[in-house]
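Quick one: structure below, then a few questions.
For clarity, chains are labelled A, B and C in written order, and residue numbers in each chain start from 1.
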Amino acid sequence: MLYRRIYQFFIIYFLGVMTLFMVKYVLDLSDYVIPGPMEIWHTGESVFIRYFFNVIDTLSVAVLGHILSIFLATIIGIIGRLTLWIGSFIRVAAYNIQSYPIVAVAPIIFILLGDGLSSRLLITAMICYFPLLLSFIGILSEPVTEIEHFYEATLRMNWRLQVKIRAFENINKITTVIVGSGTLAMVGTIVSEFIAANAGIGHSIRMALYQSDLAKILVALFLIGICTSLYLVCLEGLGRMIQRRLQNT
Amino acid sequence: MIRRLQIARVLKIALLLILVLSACSEKKQPLEEVNYRLKWLFNISVVGDLWAVAQGNFERNGLKVTVKPGGPEKDAIKELEIGHAQFGVASADQVIRAVSKGSPIVVLAQLFQINPLHWIYRPDRTVLRTPQDLKGKTIGITYGGNDETIMRALLAKFNIKEEDVNLFSVRYDYTPFYKGEVDLWPLYRNAQAPIIGEKLRQAGEKFDLLSPSKLGIRFVANSVITTKKTLEDRPDTVRRFMQALLQGWTEALDPENKEMAIKIVLKYNQETPEKIVRKQLPATRILMLPNAKFEFGKIDVTAWKQTEQIMLTQNLIDNPVHIESRLMPAVE
Amino acid sequence: MLLEFKDISYKYPDSINDVFKNLTCRISTPGFHALFGPSGVGKTTLAKMMIGEVKGYGGEILTSEIHRILYTYNLERLPGWSSVREHLQATTPESGKDKIDELVTAFGLEACMQSRFAQLSLGQQNRTNLARYLLQNFDLLIMDESLANVDEVTKEKIILTMKNIFPDRCFFYISHSVVEVAKFCRQILVLRGHHRNPQTISLQGRDHTDGKALIKKDLEQTMLEIVNAV
């Protein structure tokens, strides 16, 4: 699975780079506009280690932010299923806040929290939180009548059991949305670093943009793609493990 | 006989009409369309460009120029190479970096004679009598930006090591400076100093500006560029464009045209209050026309060479590019 | 009287047609009774009225000596995280624990006990579901197609076992099978369309139990009565 994901990424990445080279040679553009293969290679040699650690830094914030958002979405999702009114209020609030462009909200967060870990974490959590929340609210509000009926009829139902039933029955959906939001977590962290942080690969990309250095950006994209693929594979593996354990318990 | 005379008269009138009509149609020749990509958004630093459009300078020279605002994600050099624009504005470091990578860019005119990048500080809190007083100070820079390059050049010139100062990564908001966490904050003297200065003044605080230029760091800023191909294939277009543009700038910076210049800037930039634009205009004039007799747009070859040297020293380019070979002044 | 439906009238929301119009009938004794009728006539709706899931109807449903009514249907499932055995152990009250083995054997579920619900066949699933309901405390159990996917032999065994183990309880068996209903039920409430008067007809079933002979002619007669009544 890991092997397949990585080589699929390589195919996409190199197809993209080849397309750039085609444009470069057809339009006879200089290395300033689209760098040549040797320049990309030499740039890669000079920045690879530094960018690698930057990406690890970004990934660690992304993972933490992702965990935070899963935790928050679970709690709010559980609260949201309590009554129809609370559930619909939370849904409406989530839709509205989600519609705010993060590039407008992120600066406010940086002003309030500074450019340390907390602001990056918060922005990451915000970006991947809302799709998680909306999915979780949907899952946890939707009764699984065929299973819940027995417990309701025999007066055994409580909120913990209800959440357990609904989560278990929708474990595939839950793992899918968690894996999907993993990509968002990475994107969110990079965006927050790009806007105003002074660490991480997003910060490095911003510096490269100031210098119009596309070679550095391509190296950064390569490392981001590899790390994101690894993260998603881990999430998928974790999801499968959890499903197997739940089914075998 | 009479008939022949009548025919002759009709022919003369017809000929006259044809001549008049062709003269009129000459005036209605279609304007040559060109795109002109600026470096940044419409603000005081492009007053001359906007003047040339608004006051018809380009039109009078047979050009229909679309002036496009720049921005952080837009690069005039790339647009020139791809062909989306025929003229652009870029800073010297952008030009030198591009030339080092084989870009066929040439410089036609230099807009700023003094780089507008300065550092604002509070003289009551931060004493700066000599450059050595920078030691121990917290200095804001944009990592990767040309203010980083300029500051490093300044520190190197006065043998101040990086560990002797505290370099602080700058964001778009000035909160760390307002809160006193940063002693010196980079800004554009003509565009931002009036705004920030006004805020400090309202807070009862004094401010001053550190000028790298005055300390001998001549790092060229915005300049008008085109490609070699455009210059070679369309020299008349380049000539007419530069004629119109330089004329536009000269008129815009003329103190007698102050009110019209402000009005034009406000038309294109509705975000900046008029009170601030009034302060920005004279600040811009000083940086572009150091003295009354100065001819706008002159290229300072020495400053360009110094800029290249600074970039070489800081390994921003690998090899010399001999930038002087790309300077094609429209103003002698 | 154990259970009486008195002038029940009901219309589905947003519907112009009545489901029930002045429906009146009663069940007087415990035992295995049937609610029979064509599809869509309102059997499940009537059952849900009994457990209070459907409200807003006219008339009354009166009960005496019936304090707890359970309703089960054939689409129910057990949660997937435990085996059948674990689930039965966890959900059976103390009073029912001694009946687990007897029911498991009678329902032919010995081989299923270690399995998860999803691993069972449809018939096994129906039987498992029914078994867990039978282990609860109830006065009346409404079984809505609960043995739909069970073979005839096992079905007979299950019903006879239920009658044996729970002689004092009341069961409402909702089924489309004329034979089953005629053979096993004591009282058969035949539900007819709202335009029919009366809307229900109460018939006597054969109420077949273990040790009681079943006369074929009587069974056929009952079946004919049911068919004519619909």
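Keep in mind that, in the parts below, a residue touches a chain if its C-beta (ideal position, glycine included) is under 8 Å from a C-beta of that chain, and two chains touch if they have at least 3 such contacts.
In this text the structure is predicted, and so the values were computed from the model without any measurement.
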Quiz item: With respect to inter-chain C-beta contacts, which pair, A-C or A-B, contains the greater number?
Solution: A-B
Quiz item: Computing the C-alpha centre of each chain, which chain sits at the greatest distance from chain C?
Solution: B
Quiz item: Using the mean of all protein Cα atoms as the middle point, what chain has its own Cα mean nearest that point?
Solution: A
Quiz item: In angstrom, rounded to a whole number, how far apart do the mean CA points of chain B and chain C lie?
Solution: 88
Quiz item: Between chain A and chain C, what is the gap in Å from one C-alpha centre to the other?
Solution: 51
Practice problem: Could you tell me the distance, in whole angstrom, between the mean C-alpha positions of chain A and chain B? | Solution: 40
Self-check item: Residues of chain A touching chain C in the complex
Solution: 146-147, 149-150, 153-154, 156, 164-165, 168-169, 246-247, 249
Quiz prompt | Residues on chain B engaged by chain A in the complex (per definition of touch) | solution = 72-73, 75, 77-78, 81-83, 94, 97-98, 101-104, 142-145, 169, 171-173, 175, 316
Self-check item: Touch list for chain C against partner chain A, complex
Solution: 51, 70-73, 75-82, 91, 116, 129, 132-133, 136
Quiz item: For chain A, which residues are in contact with chain B within the complex?
Solution: 27, 29-33, 35, 39, 107, 110-111, 115, 196, 198, 203, 206-212
